[in-house]
Amino acid sequence: MDPLSTLWETFFDWDSMREALPEMLTVGLPNTLILAVSAALLGSVLGMLLAIAGISRTRWLRWPARVYTDIFRGLPAAATILLIGVGLAPLGMQVWGPDPYPLGILALSLIAAAYIGEIFRSGIQSVEAAQLEGARALGFSWGEAMRLVIVPQGIRRVLPAWVNQLIALIKDSSLVYFLGLVASQRELFRIGQDYAATTGNESALLLAGLFYLALTVPLTHIVNWIDRRLRHGRPTTAPDDDDLDLALPGALGGSQR
Amino acid sequence: MDPLSTLWETFFDWDSMREALPEMLTVGLPNTLILAVSAALLGSVLGMLLAIAGISRTRWLRWPARVYTDIFRGLPAAATILLIGVGLAPLGMQVWGPDPYPLGILALSLIAAAYIGEIFRSGIQSVEAAQLEGARALGFSWGEAMRLVIVPQGIRRVLPAWVNQLIALIKDSSLVYFLGLVASQRELFRIGQDYAATTGNESALLLAGLFYLALTVPLTHIVNWIDRRLRHGRPTTAPDDDDLDLALPGALGGSQR
Amino acid sequence: GGGTSSDQAANPYGLLQPGVLRAGTLTDAPPNVYLKDGRFTGFDNDLLTAAAAKIGLRVEFVGTDFSALLSQVNNRKFDVGSSSITITEARRKTVDFGNGYDFGYFGLDVPAGSSITSFDQLTGKRVVVVQGTVQDDYATGKQLNPVRVPDYNGAINQLKAGTADAWIAPAEIGDASAADSNGKIKVADRLLSPAPTAYAFAKGNDALREALNKALDEVIADGTWSRLQAQYYPGRPVPAGFTPGSGTVAIPAAPTASASAYS
Amino acid sequence: MSIDTTTSVSLSVRDVHLAFGPNRVLRGVDLEVARGRTACVIGPSGSGKSTLLRTINRLIEPDRGDVLLDGRSVLRDDPDALRQRVGMVFQQFNLFPHMSVLRNITLALRRIRRLSEDEAVAVARTQLELVGLAAKADARPAHLSGGQQQRVAIARALALQPQVMLFDEATSALDPELVKGVLALMAELSAGGMTMVVVTHEMGFAREVADSVAFMDRGVVLEAGEPAAIFERAEHPRLRRFLSQVL
Amino acid sequence: MSIDTTTSVSLSVRDVHLAFGPNRVLRGVDLEVARGRTACVIGPSGSGKSTLLRTINRLIEPDRGDVLLDGRSVLRDDPDALRQRVGMVFQQFNLFPHMSVLRNITLALRRIRRLSEDEAVAVARTQLELVGLAAKADARPAHLSGGQQQRVAIARALALQPQVMLFDEATSALDPELVKGVLALMAELSAGGMTMVVVTHEMGFAREVADSVAFMDRGVVLEAGEPAAIFERAEHPRLRRFLSQVL
């Protein structure tokens, strides 16, 4: 057998994929979604709080946010998940039994929050000081000005980077595996990995990748679409002039050079 | 024994840590640095190209960038590394022998570029169109205007998010393991994991985490410091007034409310 | 790789590097395969080193993840896979196996206060296994719906935290873990593993496979196999039905006596 | 515009000092504006006019000195409550680029004045009508001309019906017709009892609109008085030189 | 300023049309400026003045019509080369906020004019001196007053010694003294052979500076001619109404 066809078989063996498909659809996909969606929600909310704390002038907010971010971003995800999963397991056992998901989601959220916090912070800090002045001169409190004027502008600027983190989260959801999963709790990657381990063929892993793509590509494009809509106010038929080399957002209409 | 001391033993066993320390220092640290630094450089350069292509008005640049980003961000890192590591192995074998580092660095860079590209893109797109007009009116070509005026402003806005990705990269460097490492090629996480496996407790893993912190925390603070310097032009003694609740960058001096 | 006759002569086994046997293994699965003091060791790896020496090859070990091991063997990134790989039908589709060289006992570890005393009592219990191991195969085959963890530490953590009722471990690991647990974990039962383990080769790499099979018989005959058994599995008897290698060589007696625990 | 004259207030700025680092921008500014009156502040570029306006509504806290509304120091009050009474139009407009023109105006009406959506939109449309921009209600600020942006900024501030208005170069981007319009609007507001401080470098405008004029130079008010006195009988040589340059 | 008169050029705008979506902003604009002369464009807010300037240096491509320098269409040339000959001062200044004032000016000198660092700094300092901002060379634009920013924008454009200058409300944030200063500067430039188009709503300024005046309304030039003719003998009723509002 020539090397190329061996390679092909290793990653693109349709039979292996077909075999793994039903389990991925019925078990892996829902589990990945549960983990990723809950952690994305919780992580984004926590991330926003961290971002706000991180730009506060009160060092009693700024420093804890900094330390939190440094630690949860710096430690290997596996170690964090283990620390939380093992450390809080006795507590978790009493509250919801041996299910590793609640603690797994908690750990994933705490990690994601550290990253998302930095993304939001960079967006918010990039909004001109004049905007805050404008809002405060109208009589808005600092909090309202942030919420209504600064944060919305800041977040929009970093939506693509935020999507990065959501995608990373979808993939990191496979790390709950460190807490021990029964067969029905395995998510996409784990199922792919198990097939790879039992057959020695990586096609199921690639199939998991295709599932990821089926989740992440639409996510990216939906957010990009929202992004564009927010930038331009209402749906505009974006000019697509191949002879023009510039497409900055908010660029004046007409054709520019 | 109570759960707390179990936790303590599992993660904070000084003997295990002391045992792993020399190897982490002499083998793991340099390897992690080699992998992460090379991939960070290559990934950031590729990411910049992707970002520029992604905002181009030429769909022949925009679409390939989009597809590239979607795929390399969407696939599980393990699958991408294996695909590249195994797929290009025959080629690599001829050029540099069985060393998995070159292909590992390539794969890590290609993945990182997809993420970094989106981060840079969001930063660049957040720069007002008026800035491009200002630069082009002076006679700068589109490329020069981007390079000298738009990109520098855009990148500065997303430096914290970029640091996110560098940190992720330091940690993802452990994935080259999938390509097969001889003992002297192992990086921090692998060494921690191996000690954890042979000693039966996770302390060495936590030690690897501490090494990560020792890399990522200074990185974060150096970049934040550069960020602040760039924002304000020259070093200013940042006011740290606890009774004030606002610290937007570029905010007017004096004390604001 | 080219196919000129001089190549053939210099590199009769079609190795990546003539004279060097590149073996894919794991770094974190003692006592079978692991890394200690910067050296790859464990029963399987030491045996492989001895066998390779018989045909004039130096072994270079590389550690990887089990899920990535066999595919890289098949793609000839590694000449051989050595990681207590149990021969299964599914894996035969990807790689070829040499002759079996080892067997295993399962140990059943339970928390100190547990009422479980044998493998028969596991139905309906939360049983933990390390993913992809023979124990995993066994538990899954028995419809035990096991909790899978990535490594032994994960399993021990589960028992200690009380999130699992029992752990099916390789007997030696189970014993050691119970001994190290300050009385929190005890060994409840033992069982002989059904399938032998073997080295994996790329499909069609028959020259190497057959050469190593022959070398394996030699290291069994010269007592290396028995010595390594005694070194890594002290006190573990060889079960009656098991014959390592081609089955045509006699096994010299192990240097130490067998323990009665294995009944 | 229906501002109750009983709510109109007087404004005093007393010896206000402010430095940006080593740059002493305000060096003891005094300014008195009686209830319902309009004071114009003129002076060279960089003399501290915009900075003075910012200290009045406490966007910047003065290093020293005091600002009084009806004799009561604002420095001890809640700054948010203060700013709800003191409207401001910025030299650079500071419109919110991510909102339509209409929402730029309704945002504060709804969130601060607590009007319903419908009420807020009605008020905003009235204001836009007043500045001749009813047609641009749904546009984003970036799609407006300079003068249109300035008018939105004026409409946004006036919609909140403040007691005191601070205009920073409120007509710098407006053509003569619009300047006339804004002038008429301000006369009306002033008649309605609103107290105003207007920074301007258009002397014709100052002469028309002001009840009093203050001339600032390098962070101090060099001379202040009735427009006639300032423009025709200026005493300070610096002011005379300044006025001699008017086209 | 040492602009060689032999390099001065004439400017013609011919029947330029431009629409932003449904909004037809320019609807057939014609404008002629002879070599070394200054044309002022006046007109109500939103009439398309800024947009017209942008089409002249091709920041926006017209939908129809042509722009000629010395009778040669610019639409067929390299736009970058064109813009090196045509300087522009924006209504909103468009300074680069991440650079010091000095670097705002030296950037193009070094990268486009290919001056050495030292030469560029020398030229920039001379220009800053000219607009009275030598002391602010190291400040960031955000730390400048409105008038200071505008002067930096003027200095930045002039430092490149273009053949044609487009000023969009070049004095809107300047006090009367500075306006006089800019006027003097422009007279000098004009004497040096520079061709200029100045959008302004200060009629006094237009009268002083212009060799010819064009009145724009709703995307067309309604009337154009000598300043005296326009300001004293305006024919079009719309222009008369417009001028009647000047304070």
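When the chains are written out, they are named A, B, C, D and E in that same order, and each has its own residue count from 1.
Just so it is clear, a residue touches a chain if its C-beta (ideal position, glycine included) is under 8 Å from a C-beta of that chain, and two chains touch if they have at least 3 such contacts.
The structure displayed is predicted, hence computed values, not measured ones.
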* Could you see whether B-C or A-D has the larger number of C-beta contact pairs? => B-C
* **Far-end chain from chain E, centres as C-alpha averages** => C
* Where the centres are mean C-alpha positions, what is the separation of chain C from chain D, in Å? -> 83
* chain B and chain D: spacing of chain centres that average the CA atoms, whole Å -> 48
* Structure fact -> Note: chain C sits from chain A at a C-alpha centroid distance in Å of 38
* Between chain B and chain E, what is the separation of their C-alpha centroids in Å? -> 46
* To do: Could you check chain B for residues that touch two or more other chains and list them?
  => 3, 10, 78, 82, 86, 129, 133, 136, 202, 250, 252-253, 257
* By residue number and range, which residues of chain C touch two or more other chains? -> 67-68, 71, 75, 157, 161
* Structure fact -> Residues of chain E that touch two or more other chains sit at 20, 54, 59, 79, 92, 142-143
* State the interface residues of chain D toward chain E in the complex, per the touch definition above. => 20, 42-46, 49-50, 91-92, 143-148, 151, 168-169, 172-180, 183, 201-205, 207-208, 241-243, 245-247
* Taking the complex as given, what residues does chain A use to touch chain B? -> 3, 7, 10-11, 55-60, 62, 69-71, 73-80, 82-83, 86-87, 89-90, 115, 118-119, 121-123, 125-129, 132-133, 136, 142, 150, 157-161, 163-165, 167-168, 171, 174, 189, 192-193, 202, 205-206, 208-209, 212-213, 215-217, 220, 239-242, 244-252, 257
* To do: Over in the complex, which chain A residues touch chain C? Could you list them?
  => 1, 3, 6-7, 10, 82, 86, 89-90, 93, 98, 100, 177-184, 186, 190, 193-194, 196-202, 205
* Asked: Taking the complex as given, what residues does chain A use to touch chain D?
  -> 130-131, 133-141, 144, 148-149, 152-153, 156, 230, 232-234, 250, 252-253
* To do: Using the touch rule from the top, collect the residues of chain C that touch chain B in their complex.
  => 16-17, 22, 24, 27-30, 34-36, 38-40, 60-65, 67-68, 71-72, 75, 77-78, 151-153, 156-157, 160-161, 176-177, 180, 182, 184
